[in-house]
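What follows are several structures.
Each of the next two complexes has chain A plus one more chain, namely chain B in the first and chain C in the second.
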Partner chain A sequence: MINLLPLIRNECLKIIKKKRFYVILLILLVLVPMFTYAQMRIAERSQNKFNSDWRLEVQQQITDNQNSLGSDRIPEEWKSYRKIFVQQLQYYLNHDVNPNEPSGVTFTREFLDNSVTLFIPLLIMAVASDLVSGERTTGTIKMLLTRPVKRWKVLFSKMAALLMFVSLIVLSTFLVSYLISGLAFGYKGFNVPVFTGFQISGDSVDMSTVHAVPQWKYLLMQCGLIWFVSVVVALLAFMVSVLVRSTAASIVVMMAALIAGTILTNMASAWTTAKYLFMVNLGLTGYLAGTPAPIEGMTLAFSMAVLAVWGLASVIISFTVFTKRDILN
Partner chain B sequence: MTNGKSGGSGAVVLSVDGVRKKIGRKWIIDDVTFDVREGEIFGFLGPNGAGKTTTIRMLVDLIRPSEGKITVCGFNVNRNPEKALQYVGSIVENPEVYTYLTGWENLQHFARMQPGVDKARIAEVVDIVRLDQRIHDKVSTYSLGMRQRLGIAQALLGRPRLLILDEPTNGLDPKGIKELREFIRKLADEGLAVFVSSHLLSEIQLLCDRVAIISKGRVLAVGGVNELVSRNSPYVLWELEPFDRAQELMIDRSDIQLLELSEVTLDDSIIAGMGPNSLITIMDEDLIPEIVAVLVTAEVEVRAVHKINPTLEQLFLKLTEGETID
Partner chain C sequence: MNDSKWTWRSVSLISIAATVLLIIGFVYAVNDIINPAGDTLQTSLPQGTATPLTGTNELLKVVALGDSLAKGTGDNTGAGFVKRAVDGLAADGEHTELLGNMGINGQTTLGLQNSLKEEGVQYELRQASVILLSIGGNDLFRGSDILKDGSNSSTTSNSSAVDKDLTPEALLAALPEAAKRLGLILESIAKINPQAQIYYVGLYNPFGDIPDLLVPGNQAVAAWNNAAMDIINKHSNMTLVPTFDLFNRHLDQYLSSDHFHPNGDGYQRMGERIVQAVR
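The block that comes next holds the complex of A and B.
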């Protein structure tokens, strides 16, 4: 009987030696400074315009959005989105809290919000998509499965290694983003209050449950949700990698699903059954920030349940197929 | 046809019993039965596409047979792979190892997947295949021959009782092939059962003690190489003058079979050396002196008599009724 630990060690070793994780770090190290720079330019511009008074800036945003509500050329869905946005901004203004307090922490919060549906899933695919299909492409799967080890143990060790790297990717995204943006905006800001708990129904916002949390706590919740999304995406990519023989095909399948998700989120509010698809449920952090869900009736609990079901199903399919299938080539 | 259960003296290490495999609607493997005993080199011979690789994949639990049973040292490979595969070292098709790891890291990787393999054992197998100079280099820098040796090292790690090699001489130069042959013989002498597949008849004939011949998913014959080969009479080539007279004398005899050049499989070098007045016959070699005497009394000049020992190739062609082997 072979213990699972040496097997997991094998799989981690292979991921590291394949230099996949370094590539991910490199991508972060290149992209985050770019976003930081862009953010810096925005900050500079508003500074010139509003003389560093954030209240003026927020007030201006509110007026702009309200003005656009009168226009006929803007679709109804966008209008309700803007109405909600205006109400939230007003709430911040009334409570004298700057929603965009410039700091490394705020940047990180916003960066994470924007990367949860596409960017982080892409980084995860870099590891997950070739875990099994890579071994089949190179033929090493034959060496792996002719050892005196049950197949489910081989697959389990791969999955365990994957989950470890998923956690590492989420953590490094946070760290890289905080450390680099901190250079530009300063490292303070963990205790700045952020409002959460906006209840959205139609185009009005229920403020009764809104409460302020320190930004560090908000980030913690955010990272937890991102980790959950990442695990589900990883499990799905893992399943595709079990089902498909080539790594390229496996990446294309997952990419298509993710990109379809971002497109659907923008246009599927009429097609309500789309809310059971995993890819429109990836924006979990939006529920924290109070952005309206892409489809009426979606809540944080609903999205998490949908994702959990998809994740569980992919685990079951992965194990069933992997342990039963003939390795023909 | 021998049933494959005879011959050899050691304990049966691998037993394949009535194995069949259906893929889609087609029976890819249709009745394969043989035993491999300890200390013997067992050849698995057949043309490409005959089902050799599919059978080998079934031996190591990569493919599950639809019917039949495969046991290694008494353990069913498909029901109890954790036990059975402990006794098996294998290279299926090419020795595919992780090219982004060093040779040593590869061996460590596979060592972690089986019980009782420590650092000393890894060093030992590295020594056996003589890779010690390059073992800490990345496999991507290895030549094909070195990868082959690393593959064998990997197969030997767990002190197997059965070694399965699929077309082991593929891509090796003649020197490498000779070395490998000697190496395999040495392993068998130490008590290992070695199962070697090949589509090269000469290869199997030089290397193996016993052989199974497979074609279109069926095992056509199993037996000792010499035993199978000796079922065939040798070719005897004659160079005679006058030719017509000699042909008349031979054609009447029932114990001599005359052949056209197109009917025989001979090395090109032999065909090139044959004169225009050559006769190709199949006959018992004990008949040669008698025939020579008959020819001489009939005043036929016997310029040359050349006996060519039977080969597996002849047997193979007979069994498969001329199916080509490439």
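The block that comes next holds the complex of A and C.
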């Protein structure tokens, strides 16, 4: 046990020295201002149109969605999605709470909601996909394994370091997005109420359990769910990096899986067994916001169970493969 | 070496703190979603109404309400009579502002009655000083397929469908009920915002060029417009804007390809009427 901590420390320093984490920060620093600017333009435009009365804007949004309900060209699933959306907007309006109160905090909340299924997993992959396969590509794996340290300890220390960086990535995504969008929208808004607890059944929403949560708590819960998703993605990417010899291949495998997930969630519903795939279950924050799940029958407990099974399986596979395999090249 | 020692210390401390925080958030979230505790925020929308029209150059706050005509279906530019009327008023030097357009395709008097109970709708009506209302067409001509948005692929097949579905009896049967609801709608709008001027857009007969439907259509529309007039005449803050004459015998010119909604030119004429009524 004594020599585990220095190993973890060593792995952490390797990740830092390889500058993977800086790349992630750089990506955030480039992309978040772009999203902030886009959002700012939208806000400006609607302010001109609605004379800064958000209630009129929300009512118009309700009307627009109601209009599309009558159209035959829109698929049924979208209609029920919009019906739910309309009911939620009306709930916000009835309680005089602006669902899109412009602030850096709200921007961060929406940004996190949108990035949980693809963007944050991609950032995680930037660290995770390289951990083992990177050592094999450069050949340093031999040096590592000739030390008098058990193989599982080597792998465990890598995994521990990875999990530390998962938390750091989630934290820095939040911080960068808050600090940059705050420049444009202001840093206040932590106490604005957000509604959660919408129970969706079919295309109607049960409002009896809806309650207001201050936005800071909402963000905390959201980040917690994102953390869980990220850990699972990290473990999966880690397994792929154990199984595949080159970093490029391991990134491609994970990316293909994630992108397939976004495509599947958009096509969705008809193929119900797809709900057992991990990539369809990444949108945990949707359960908090009350957006309908991509496939009928998915709940938070279900998605978490699916993700946990995938995560555990990948840990087991990583360890068995890594401890048994001969390192040849 | 000293450098890496500090890096390690700070990275490990921050990441452990972050992990603990995130796990707390995770537990909160799971708990909140699986056992949600309902408690409602006791706030409601501001109840004040817009200031009444007094001066000549007061700001006109326009809100539109009703069916596809209010929405502007059939107008290729999407403007409809609402935007055209607002633009017309602005061109005449009035300070005009369109607060919102709550027109919904296929809206009937029954549907509108329900949506008037929504707080958001009421709030928007309270902000208005001019309310444009168009409703009733779907009640009167219900059952004909052309009312549905998106089925305007071929006009010829539609007119044969019209012949089957629209009988004079059917047109007149829906009238008394719907007219009663129109009265209730107008009264509840006036109750929601007593200070606003309400302009009700009368119906025209979209089937005037189909020989079998010319007379029954005209009768039904005239009966409807009369019923509307009866109600509107009893209130000083309501005006009926007739459109029957605008379209009669000019249907090919002013109706869009779905043979029911006006086209851009038709909406322009309606908009001009409204400008005349408002000023």
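The working rule: the second predicted complex is superposed on the first by the 327 of 329 C-alpha atoms of A that agree within 3 Å, B and C clash if a C-alpha of one lies under 4 Å from a C-alpha of the other, contacts with A are read in each partner's own complex, and residues count from 1 in each chain.
Going forward, contacts are C-beta pairs under 8 Å (C-beta built on N, C-alpha and C of every residue); 3 or more make two chains touch, one makes a residue touch a chain.
Everything numeric in this text was worked out from a predicted model, so none of it was measured.
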Should the superposition on chain A be reported as showing a clash between chain B and chain C, or a fit?
fit
After superposition on the shared chain, which partner residues are touched by A:13: those of chain B (first), chain C (second), both, or neither?
both
Considering only touches as defined above, state whether A:145 meets chain B (first), chain C (second), both or neither.
first
Have a look at where A:45 lands relative to chain B and chain C in the superposition and call it first, second, both or neither.
neither
Applying the document's definition of touch, where does A:188 land relative to chain B and chain C: first, second, both, or neither?
neither
A:213 contacts which: chain B (first), chain C (second), both, neither?
second
By the touch definition at the top of the document, which applies to A:327: first (chain B), second (chain C), both, or neither?
first
Winner on chain A touched-residue count between chain B and chain C: chain C
Shortest distance over all C-alpha pairs of chain B and chain C after overlay on A, integer Å, is 8
Which residues form the common part of the chain A surface touched by chain B and by chain C?
9, 13
In their complex, what parts of chain A are in touch with chain C?
9, 12-13, 16, 50-51, 53, 55-56, 58-60, 62-63, 66-67, 70-73, 89-90, 93-97, 163-165, 167-168, 170-171, 193, 196-197, 199, 207-213, 217, 220-228, 287-288, 300-301, 304
Which positions of chain A touch chain B when the two form their complex?
1-2, 6-7, 9-10, 13-14, 17-19, 138-140, 142-150, 326-328
Contact residues on chain B for chain A in the complex?
23, 57, 60-64, 81-86, 88, 90, 92-94, 96-101, 105, 109-110, 112-115, 154, 158
Listed in rising order, chain C residues that touch chain A in their complex are 4, 7-8, 11-12, 14-16, 18-19, 21-30, 32-34, 36-41, 43-46, 71, 97, 99-106, 118-121, 123-124, 127, 148-151
